[in-house]
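Two complexes come next, and they have one chain in common, chain A, joined by chain B in the first and chain C in the second.
Showing the complex of A and B:
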């Protein structure tokens, strides 16, 4: 093979660097051995580069293919046919190509694969940090492309890098235009993102200890921005997630039976009765939620929330579900009616469900409940009595409660009296049901941190909370929070304030420890604000947002209009950027008279009387007249004029100049009219 | 004729009609052609993959990446075009060669101020086809105009026939900087080269001096007829030639030298090689010219319609060779 197609050494270094860079984000998720293989290949390539090792032989290549096949089969078995296994395979093929590549076209395979690896990185995370990193990777890849096409004499890394940065910067405007205007297409076929990442966030089961585990996590759950008016007070921020109606004496679970969250079907049945079961009250409160991936389908809203976005469905208990597991950050709009009431008439089946407690166990608590209920007149009075029982007795709100015995409720209510919200909600629910008051447990989040930089709220995992809803005659389901009775601070100021001195609260994270310093906190909020804006404006820019934007700017949107806009904007940008690349050389500043004279000689050239190089106007005239006598008069006139103007006195009156020029022009026209029959005769 | 060949011919004709011979050509948008390279097509395929993934996973930034790649492709075209734009190629004089040898045509590359041209590949080519086969690739000349404003390069081709050899079209191409597109231009710099006949070696003695007839004489050394002079004895000289009289006078061992007086004006004649074809005659005459030039004795040339009187020296040699090269040209 010819030397011209071999890889320049300088380019190889660039390639290796970009390969390592694009593999790094994958290596975090990839099995360990895969990273090891990748490193091995890069090392091998370096050894080939320095001449200490040769390219793999045929046997080696066959071995590699077999190895890859075995790996792919085992990967498919382990991870299933999905993103994980596909990206692992992509990485494997990618690094193997690396040791095998010899010629420029091989390198282009590697370069194209590098771009695909960048794409894979975006499938997992679209954060600001990842974007900046990938942008850097792309610049290095561009550098590799430049180095590859550069002759070895010019292989100066710094100038290559400068050029790569320049090209990347010039690519930005067109990228933005395409990003904004290019029509987004709905997915062609469904591709479930399978990740080995665990499910996070509030789960659909609640046993003692579940929420306190979340309470130790300072990961973000979701961000909320209120669109009309100020956000509600901290104590009203109950982000309702799931309703747990089944209690087996230890664990509260979501209503069983119907296969879990067939959102669409449930919604379809439900839509009829929404308005019948709800008495709306208060001004609607609209807000946008950007939720972190949980690998679970449910989403969160305040009080009675009505989803405004597509693909969000609501259940009978006014829980909201995304259509499909939430595997990446999603954004949805909700509308809440903060003082509305639901289910003023309770169906018998629902009543039965919400009164059900195990027949056995917790006898003491059962007795306590029945006694207390008989001492008061109404259900509401009973609720208040229970809450004041929590308030007046030494109950503690803590992340580290003592372990409970077999009769959990009894043990908690009369012995340990230490617990996190799930203990209180669970006990409260039991006490209510034992006394014949329909009650259920609601899990979700309570509270939020306000980010003043972009005016939104951040809800963390440690905001996870459980509370109760009690059905009261004439009021429907009413929210009661037994935790608030024990620790009012938790609800009013937030869990950070309530658990300030509690060992175990956020002690895992260094960030939380330094979070007490003011400037660190400010920085944290600022960074989060950037991330939030990035998500809102860029990551969530989809078909819907695009459509809205167009509609706002150009009124009714038609396909033709959108296409026209795309073409117009793209051409403007390409033209603009093109001007910066292709500088247009100024045309020679030619005298208009000379230009006109040249046009005359061009006309004459068409009948075979070209003006020779260095031929003066007079001798040219003579030659023309000699071969075409019919041109004698006009040639004489225009040559006279031309000579007069060209050799004129510089100080001459410009008016005369203009007259003469006009005369020359009319000569030109005359000449053309004489020439046209001549040319016709020629052809 | 297949459809493909016909198509190629059409393109060829169209191309030829656009190329005007000139001593110096500045490349402009009218003369620069650009198409995606094979790597560029692969890149487009990769864009497609990223785009499909972006659609299916509904990942905004993957869309962004696809759009960035599209932008890079567009920029690649613009940059590659600009890498050839406003480059000036001019013909320089070059030396005559013998038929069958490589001709290195000298071409001067000039850039306009504030422009640079990198990784230029220059070669000769007959048609319009962009792909280079192996042979053409070998004859590629590379050039960069980054620091210096001018560079002289040599572009090689093989002299296939004798006479005033006109070089094929010159092809300048480049994929710099991204390699996604190949820009090329085909120019005719009116490059001509004088190609002498290919000398054919033979034993010259047999053909020595066909026609003579001149009173000028020249000495051919080492003969045996006439005494010419003395020189010092070198061991091995025949003792018969030692000037014994001089030895007796005590002047040391000296040897008598004799020379032949011959008609030293050689005429190379077309008819010397009667029976050979025209080209073979010219080739043999060419060989004679080269041999005689080394001997430094005058020689002339007689061709039908051409007669060059005897002479010597490099200019004379060039004149003869040119006559041989251009024989029958009109």
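Showing the complex of A and C:
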């Protein structure tokens, strides 16, 4: 190894740029000091190059290793063993490698690490934007490799960049093929869960204030596409999440502990009795949901949703669960019977569960409920009476309700009368149960934004909603939404319309402010449509989809067929590479004019008038015209132009005259058009 | 097999001062040498390029006629030296003789001090005399008795050589053949030309009819302007491919020398100028190629140096003009 090796200036520049580029996605997520260390190292490397600093000595290197170790240990203690601590360790090692980058070998290490950093970025996000950015990074890294291997004389950044782009473009077909056919093996090791990422979305308990916090978030919850027919009306879009049956006077919670979420027994048990408990009505509505990661297991569907995808199971209350936490975006298909009825016979245990209210507290409300119930004949009338109570008294729908006192229900019902959906659902549930009507709270989302560009719907966190299901004799569980009684706009037009003037709604979001402009909104929808397609077609391309694709293309997939396909693809790739290598040798430097002229000769060869090897353009013209007089004009013009370009033009480096070349091209087209009738006659 | 048709003008001729002058000169010379337009043109090309010409043919084919007619048409001072085995260098270059009247040595210039010298049957003289002539051709000056004398301007040598009956002759070796820009063969006249020839009174009369149509200045102008003719990179590529072809093959005894490739370029440029163009096209190279390189090439199996012709045909057909 050459002791005096000096990294070429241009190469160093390219490498530092690529290092900075690949660290940017990390630094957004990582603590600030990490970016500072990275910048320090880049600066140090520049100073080494300019001769003002030396490579780190032994003591320094030991110090750096110790520092890295300390940092990693403390990171692991703070964040746990996970993606963050691992990737920050990698980042540290990566940037420290920079300052001892002395020989070509070190540069290759840095370049390999840069590629690795690109992959790390994909662990966090696989959106279109990140993909485009990483593709750009990859091109810069390729540029760094090119610059490293070029002599200083050819170190022109623009040509390096062009070459990098060319190499990247050449890799695209192979990438597509690999993407489509490479076996999708389940990861050999699980990607550690992002420990610091918060659980988002609707939670499995509801106390006042929970949903209004979600109501301020404009993050996407999931996207839905209806597959057979138009989507239901906005007011029917109740995305059921969880059914909350326990009420302690303040908080509604789900029936059992979290351990029950992943129970195969429950699934098997449910399958057995499912058909007995429902009376199906109407045509099934199928739809595909692509859900953003929530770090929770439950998923969302419309009324009586039956999951069609694997790894999704259903609970007794027709909630749907993914097998495991949703740590990455998932896609699943559902089928709903919108006008079906469930649980026409209510088991005693269920009735007891759904009538249970705390013995103490909220005396006024309890009294009010019992009074109202005795004044009407049926449970349904009672429900209507309560709903009209909400409707006729000055209740307000707002994100910023006043705080409630100890007896929350009383306080809300008779004093503040301001609340978000959870207040209404909670109060309604209490009133029902107090009067002996089985009732439960359902949390999920209501409404959606329609994206006309790709014909799908977007459900945001601010669509989070809570409503009730009341069990009525002969009808089973019936959905009632007390919020609709207070604010019909919320249900019919969506939360945006209902809370347009509410100061709490999306006030931190700039997007909402500019969202009033029409074109911004269109742009937003269009971008989301791209993202949606990307998620659907690229990110969610898994083993199953791959298998389906193969089946569609080649019929039933057997091992033999798979083998043949792999061999065929491998040979295509090898052939392609071989052809490029062969073609680079003799044809690499060929002049476009000569190439065009040879094409002309090839064209004429089809009528038996190929240019002979030792034939000059003029004698060739004479021979062609002698045998095909109808080509006289075009051949004369074409030959004149060719001679003009190839033999008449003066300087060697002035390049080909664009205009003349274009004229020659048009001559070629003309020749082809003259030739085509001749060829037909020939055949 | 493809070959350049020697008697056909495949390169385009642009009507201008140069092409007209050439046409007129060819017309004049053709009065004396019937039906040999292409050879006359090549001979002119050789002279305009400032090179010397070797005409190789059987006796009585009009070698002398051609040179004399050329001299007349171009208005050049003309001498003829008949080479014999006892010719000495001094017989060509001149000698210094003591003049008794003036009491001084006086130089008597030999026949070489002329604008156009016909060296007839050059292979019949001894190598010593041959080399005296060749030196003069190369240097355009002669040194006699320690004194250097410049030859007139322009200075052309047309040498003739008899390819048969070689007994008692000294054929020029390759190194000396290389000094001639072109080697021409006149060949038998075609039937029509021969008939016309027979109908004439004598050959000599016809030469007398040739009138001067070019001046010395015109000839100098041709030489000057031919150097300015443009040879594009594509054309130079072709010339280099031709040269490389001769160097890389086993059947060529030896490849073309740089002098050979220079000669090719010079002649091609002059030919382009004679056609009235300011740029060389591949056809120009192909037209002059046989005359310029035939005598510089020899097949590996060749003994007497007359296989250049077929090698040139291979060059013409196998080297790609456009690549």
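Brief remarks on what is shown
Rule of thumb we're sticking to: the second predicted complex is superposed on the first by the 550 of 683 C-alpha atoms of A that agree within 3 Å, B and C clash if a C-alpha of one lies under 4 Å from a C-alpha of the other, contacts with A are read in each partner's own complex, and residues count from 1 in each chain.
Assume contacts are C-beta pairs under 8 Å (C-beta built on N, C-alpha and C of every residue); 3 or more make two chains touch, one makes a residue touch a chain.
Worth saying up front: this structure is predicted, and the values here are computed from it rather than measured.
Shared-chain residue A:541: touches chain B; no touch with chain C. Ranked by how many residues of chain A each touches, chain B and chain C are led by B. By the document's definition of touching, of the two partners only chain C reaches A:647; chain B does not.
Once the two complexes are laid over each other on the shared chain, residue contacts for A:400 go to neither chain B nor chain C.
Contacts of A:163 after superposition: chain B is touched, whereas chain C is not reached. Contacts of A:619 after superposition on the shared chain: chain C is touched, whereas chain B is not.
When the shared chain is aligned, chain C comes close enough to touch A:597, but chain B does not. Legend: residue contacts after superposition of the two complexes on their common chain; A:309 is shown touching neither chain B nor chain C. When the shared chain is aligned, no partner comes close enough to touch A:521: not chain B, not chain C.
Chain contact summary for the complex, chain A toward chain B: residues 2, 4-5, 104-105, 108-109, 111-113, 115-116, 118-119, 122-123, 126, 131, 134, 138, 142, 145-146, 148-151, 153-154, 163, 167, 170-172, 174-175, 178-179, 182, 184-191, 193, 328, 538-542, 574, 577-578, 581-583, 585.
Those residues of chain A that touch chain C in the complex are listed here as 591, 594, 597-598, 611-619, 622, 643, 646-650, 652. Taken together, the chain B residues at the contact with chain A in this complex read 38-39, 42-43, 45-46, 49-50, 52-72, 74-75, 78-79, 81-82, 85-86, 112, 114-115, 118-119, 121, 134, 137-138, 140, 142, 144, 146, 175-180. Of all the residues in chain C, the ones that touch chain A in their complex are 2, 4, 10-12, 230, 232-235, 278-283, 286, 315-323.
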